[in-house]
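To start, the structure under review is shown below, and the notes come after it.
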C-alpha cells in the first residue's frame, strides 16, 4: 500500500532532517523553484523510482513536470532517468534521501541483472534470500524482480523451509515434514535444506516438495539432479551457497531449477547516479 | 538510548517473522535449548554486536553464557566472535535478523579500516557521509567509527554545508555564509563546498571555516592546500569525490585534513560470518 | 512475539481507561489486595487466557499465585478457570478488558469445538476464514485452533486463492493460475474457487492444486469429489458457504477434505464467564 | 475524528494485506475498474457504512459514483445498500475488510433494534455496556445508537459506577459516594450498583443519583421502583443482568428507566450481507 | 497508567537527546556514578516528582538510594526535595528533562496553592480549565490537585458545557440542554455558560444543573447567587474570567461554589529548583 | 516538516477531544458555518499562527477566507490577528486547542521581545535555553526567534557544552575539550561553562571557542570580557543566570556577546488573546 512507502520515506526524511535543513532554510528563499535531473553515471537497471519521487513529493505538494523511466528499465551511462521541477528547498533537502533510495535499489537491480544474464538460455532462475537490509526487505525484493530475479518466501511466516536443526529437533526428516505441514495452512509447499546426496534422498522420501541443495560441489549437485529426474520428477531443486557471478552458470548447468544468491541484497554496490539541480 | 536499538531490532524481527516462524514452531519443542557460535569466515573488523545480541534477547529472556568480542576489534578468518546458549526456537528464528545486522555493519567497519590503513602515517582522516542506508544511519556511523573512521555531521540539522545551489540562491558565498550563520546557533562552524581554486578563495574570503574540495584533481587540491597554508591557516580542508582505495593515499598526500568516502556506507559488501547452532 | 500481545492488551486498556478509573482510584486504597476467581457459567473450550493474564500484569507488576487452565482445555459449568491475587485497583480496573478478551475468544473456541464434534469419525477438517474481527485476527485464529479447528491462510499475502473476478480479469482459469504462480514464490500452492461442476473441471485442468467448492448443493459436491477421485486424486477439496452446525456433517460426508466456516469468528456468542473478586 | 477511523481501517487493511494481495496483483491489470454492489441477504439495520467506504477509498483515491444508504436505516432482504465503481484491484483487496466492518456493526445495530422494538410503547431505554470488542468500542457504540439504543459511559474515566468491591474498600456506600464525588469533576453524577432491596435503600441514602439494579428478579425490581417513586423520585434506575429478548419487556414493565444489555456488543451475529463485483 | 508517563518522559528525552549527549559521552566514563540532590531555591508546593524520577530511571536501570518528598507537599527555600545516586552519564543527560518537568509542574502547584490560600475559610473551590499546555494536560491537572485545586472536566468528551454559540445554534437554552442530554450518557450533568443575569435565569429554567458565570462583575454575581438561593438551590455556580490573585477572594465572597482559573496552567512561572551533582 | 506540526496539533486535538465534543455534536448542526476572529486583548508579538491555523484545518477541510498576521509581527490591544470562516462544529471544537497554542507561543515571543528591547543599541543578543516545555521545544524556539531572540543549540546532540561535572570526570578542562572534539564532528565549536575568572582563563587555555559565564556578578563578567579582549579576542562570551528584565541591560553592558534566558520559555505568561465566533 502507498502509505507504507510513504511511511518509510517519511522516516528516512526525518532521520536526515533532524531539526531541519538549516543551510537551505537560511540561504534559499521559500518560493524559489528549480529544475532537477537524475542522470546515470554508469549502465544498469533502474529500481526505487517511486521512493525517489515520493521523497520530493512529501516535501513539496507542488512537484511539476515529472518525467521518469520505469523501474526495471535498463539504462546506459549518461542517460536521463528522471526530470522534474520543484521548490528549490524541497529539492535540496530531499536530494540525499531520494538518492540513497534510488542508488541502493538500482544497485541491487543491476547486480541481479548481471546474474540473470549469466544464465541466458538456461531454464534456471535466480532467487533472492532473506539476507536483506533490516526494514528494507519489501523494496529490495522489488529491486530483485526489477533486475529479472525471482522472489523467494517473504519471511518466516509465509513459507516452510526445514533446515538441519529443525530435522534433529523433530527427530528425522519425515517427522519434521509432517509437523511442518500440520503447523501451516494447506496452501503451502514444504522445502527441506540438505548438504549431501544422502540427505537429498531422505528429504524426498520424507515428503519434501522442494529441496534446497546447500553448499554442494557441482558433481554432487549433478547427481542430485539425476536422482530427482529418475525418482522424484515433480520435486523442485534450489541451489544455494557460494554462487558468484563466475560460478553461477556452471551451477545452473547441473540442472537445478533455482539458484538463490544472498549477495544480490547484502553486497550490491550502490549504482552511480547523480542529481543535477539548476536554479530556475 | 537502549530502547532505540531495541525498537530497530524489534522492527527487523517483525519484518522477518510475519505471522511467526511456522517451520520452527512446528518442529522444535518450546523448551529445547542450543549452543550457538558466531564464526568469521574472513578477516575484518567487528561492528553490530549489540544489535546481534539484542536480537536473541528480545526473543528469549533467558539467553545465557554470552561471550563476545567487542565492536571495533579486528578478527581473522576462523575466529570465534560470539558464543551463547539460548532457546533453540529463539536462536533459529532470530538467526537471519541478527546475522543481517552484524554482517552488514561489520562489512562497513571492515571497508573503513581498509581506507584508514591506506592513510597510515599521514595526519589525514577518513570521514563518512550522509550516503547511508535509510533508517540505519546511527548504526552505520558507529560502524565507521569502529573501523577507525571519523563521523561527519549526523544530518541536515546539525551542521552547515553550503553547496553551489545555496550560493547561487543566496547571491554569493559571502551572503550565503552570513545567512547560514544567522540561521544556526553560535556553536556551529560553516563549511562551504567548492569545485575550483577560484571557488576555494571566494569561500575563504566569504568566511568559510571549513572548505570541501569536491571532485578536484590532485594538482588543484595541492594548490588549494598551498593557498590555505599561506592565507588561511585555520581553515580546515575536506576532500570528496572518487576516493577509491587505490587513490585515497594520493589525495591525503595533497595535505587535506579529511577525506569523505560515500562508499563506506553505500557500497560495503557484507562481512562473511556464519552462525553454527548445535542442539544441546 | 510477546510484545505484540502486550501492545494489543495495552491498547484495549487505554481504550477502556480513558483518563483513569476514577471510581476505583477514589474508593480503593492504593495498597489494597484481593483474590480473584474466573468461573465458568457454561460448558465450553478455553481461549484467551494469556490476554486475560497480561491485562492484570500490565496494571500490576506484582500479580501473585497465578493458577490457570490452559487454552484448548474443555470446561464445565461451575469450573474454576483461573485464580490469582493482585492489587484490588488493578483487578477492578482490568476486569472488563480481561473478561472481554477471554469471553470473546472462548466463545470462538467453544463454537469451533461444536463444529469439530459434528464431524467426529470423518477425515474432514474445519477451517477458519478471513471473516475475523478487525485487529483481532491472530487471537481469533488461535481460538479456532484451541477449539480443534485448522487455520486457513493468514491473509492475502500468504496464500493464493483465485476467485471468479480474478479468472475473468486474467482471461481464463489457466491464465489466472499461471499468473498467480509467477507472482508468488515457489513454496505456495494455488487454490481456485468454483461454483459449478464445469468450473471445477476447468480449475483442475488449469492447474489448481486446491479447489474451493463455494455454495454448492450436496449432490454437486459429491459429483465433484467423484471427479476428483477419478481424474485428479492429488487435488485437495475445500467446501464453503452455508455450513451451519445442522448441515456440516452432511457436507463432510460428500468426501471434501476441508470445510471453511465464517461463523466461527464472525458470529460466535461470548462465553458466559464471571470474575469473582474478594477483598483480601 | 476522521483520522481515527482511517487509522483503524488502515490497521485492518494492513492486518489483512500482509505483503500484498498476491492473487489480485498477479491476475488483475492495474487499470481495470469494476462496479460493486453491497446487497442485504437478510433484513436489519445498517451500521458501519463509513468504515466500509473508507476501506475502498484508502486503497483507491478514485472511487466513483458512491451511492449508499445511511447508518441507522432499516433494510430488507434483497435491498441494495451501496453501489460504487472503483479499481478492480482495490475492490477485491478491500472486500473482506470492508465486509468485516459493515457485517459486524450492522449485526450489532440489528440486534439492538430488536431489543428496542421489544420495548415499544414503554418509556424504558436500552443501554449498551463496556462489554465491547477490544479496540472497536467507538464503532460498536455508534452501532448501538444506530439501532436505537442509548450509550452508557464510554469508559472508566467518564462516569462513576460504584460496585460492591468499591463499597467494601471505601467502608460503606456513603463513604464511597463521597470519595467518588471528590475524585471526579463536578459535572458527573454518581451511579451505585446494588443486588438487593436493602442495598438499594442504602445507595439512595448514601447519595446515589443513579442506581444499577444488578441481577434482581422482577419482583424485587418492582419493589425497588416503588421505593424510588415514594422516597427518591429523582433517582434514576438502571437494570442489568440476564436481559434476553424474551425477558426484556417484562423487566421494562417494572418501571426501571434503563436496561443495559451486554449481548448487544458481545454476542451479536454478523449481518448477512454480500458484495457483488462486476468487472467493468 | 505507568506506561503513559514513561511514554511522555521518553518522548521528552528523545527531544532533548537528538543523536545523543555528545559532551557527556565524550567526557564521562561509562561506569562513573554520582550523587544528586534536588534543592528548592524558593518556597512552594511539589509536583512532578514521578516524571522527574522516571527520567533518570529510563536512562539508568540502576538508580539507587532514591529518597524524595511527595507531590503535594509544601517546601521552603533550601529544602532538599530528592536525593539519589546514579550513573553520572544518565544524571547529566537527564538533568534538563527531569528539571523541566518538576519545575514546570511545581510552578503550577505553587500558583494553585496561592489561589487556594486566598480563599481560606470560604466554602468556594478553585478549578482548573482546559487552558493547559498541549500534551501535558494530565500532568498539569495533577499539579493543580497537588496545589489543593479541584479538576474541571478533562476534555470535551467527558462533560457538557453549553456556551453561547451552542445555544444560538440549537435554538435556545432549553433546546440546547435537551439535545446535549440526549447526546451524552445518563451519568453526566449539564453546565451552561452565561454572561448576564437574564442568561442565568434562562439557563436555570432551561434545565442547567451547573451554571458558569463568565466575566460578570461582582454585583451581578451576587445577584445570581441570590436568585440561585431563592429559585434553584440545587444549581451549582461556577465563576470564570479575570480571576487574579488580588480579586479571587472577592469573587468567592459572592457565594459562588467554584472559581475556574486559566492562569493556573497557562501562566504559572516555573518553580526555582536546582540539581546539585557531586561526582562520586 | 509540515507533518511534524500536524502530528503535534493532532495529538493536542486528541487530548482535548476525548470521545468527541459531545456538547457541540449535540447542539450544532453538521453543516452550520461561522465567522471567527482572533483578537488581541493586550499588545505583544505573534507566534504560533501556523499551529492555530492547522488546528481548524485538521477538523475541517474547508476552512475559507483565511486572513492572518504573520508570526513575528507586533500587535496592539484590540488588533485583529486572524479571521476565517469554517464549520461551526470545527471552530467550537478546535477553539481551545488552537488558542492554547497561539497564546502560549505568543506569550513567549512577547516576553522575548521585551528582553530584546531592553538591549536596544547594544551588540549583545538574547539566547533561549533547553529549559523548554517537554515536547514543544521546536515551537518554543521558533517563538523566541519571532520575538527577536537567537536560538541556542537545539539539544544535547547538536552542540558541545562542557560543564563542571564533565571537566571533573574528564580530568581537567583541556582533556574535556579534547575528548569532546574527538567525539563530535569537525563542524562544531566547543563551549565551556565557568563560574569564576580562574575557570574562564583555564577554559580559554584549554581550547574553548565559546565560554559560558554562569551566575557571575557584573564585576567579574567585566573582568572576563577584559581578559577575553586582551588574550583571546576570537572567543565568544555567553552569560547565564539570573537574567531578569531589570538586570539584563547591565549584563549586556559588560561586553558579553550573548545572554541566555531560561525564563523566555519556562515562565512566560500566556498572551491574552480571544476568539470571537459569530454564527453565520
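As written, the chains take the letters A, B, C, D, E and F, and residue 1 is the first residue of each chain.
The definition used in the following text is that a contact is a pair of C-beta atoms (placed from the backbone, for glycine too) under 8 Å apart; a residue touches a chain by one contact, two chains touch by 3 or more.
Not measured: the values here are computed from a predicted model.
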Smallest number of contact steps required from chain B to reach chain E: 1
A-C against A-F, pair bridged by the larger set of C-beta contacts: A-C
Chain of greatest Cα-centre distance to chain D: B
Interface composition of copies chain C and chain E: same or different, split at half: different
Inter-centroid spacing, chain D versus chain C (mean Cα positions, whole Å): 22
Interchain centroid distance [CA atoms averaged], chain B/chain D, Å: 54
Inter-centroid spacing, chain F versus chain D (mean Cα positions, whole Å): 46
Chain A, residues touching no fewer than two other chains: 17-20, 154-155, 157-158, 160-161, 188
Of chain E, residues touching chain C in the complex: 1, 3-4, 138, 154-155, 158
For the chain C and chain E complex, residues of the former touching the latter: 10, 13-14, 17-20, 58-59
Complex interface listing, chain F residues touching chain B: 127, 150-154, 157-161, 185-191, 210, 236, 238, 257-258
Residues of chain D touching chain C in the complex: 8-9, 11-12, 15-29, 32, 34, 88, 92-93, 96-97, 99-101, 103-104, 107, 130-137, 154-158, 160-163, 165-170, 175-176, 179-180, 182-184, 262-263, 266-267, 269-270, 277, 279
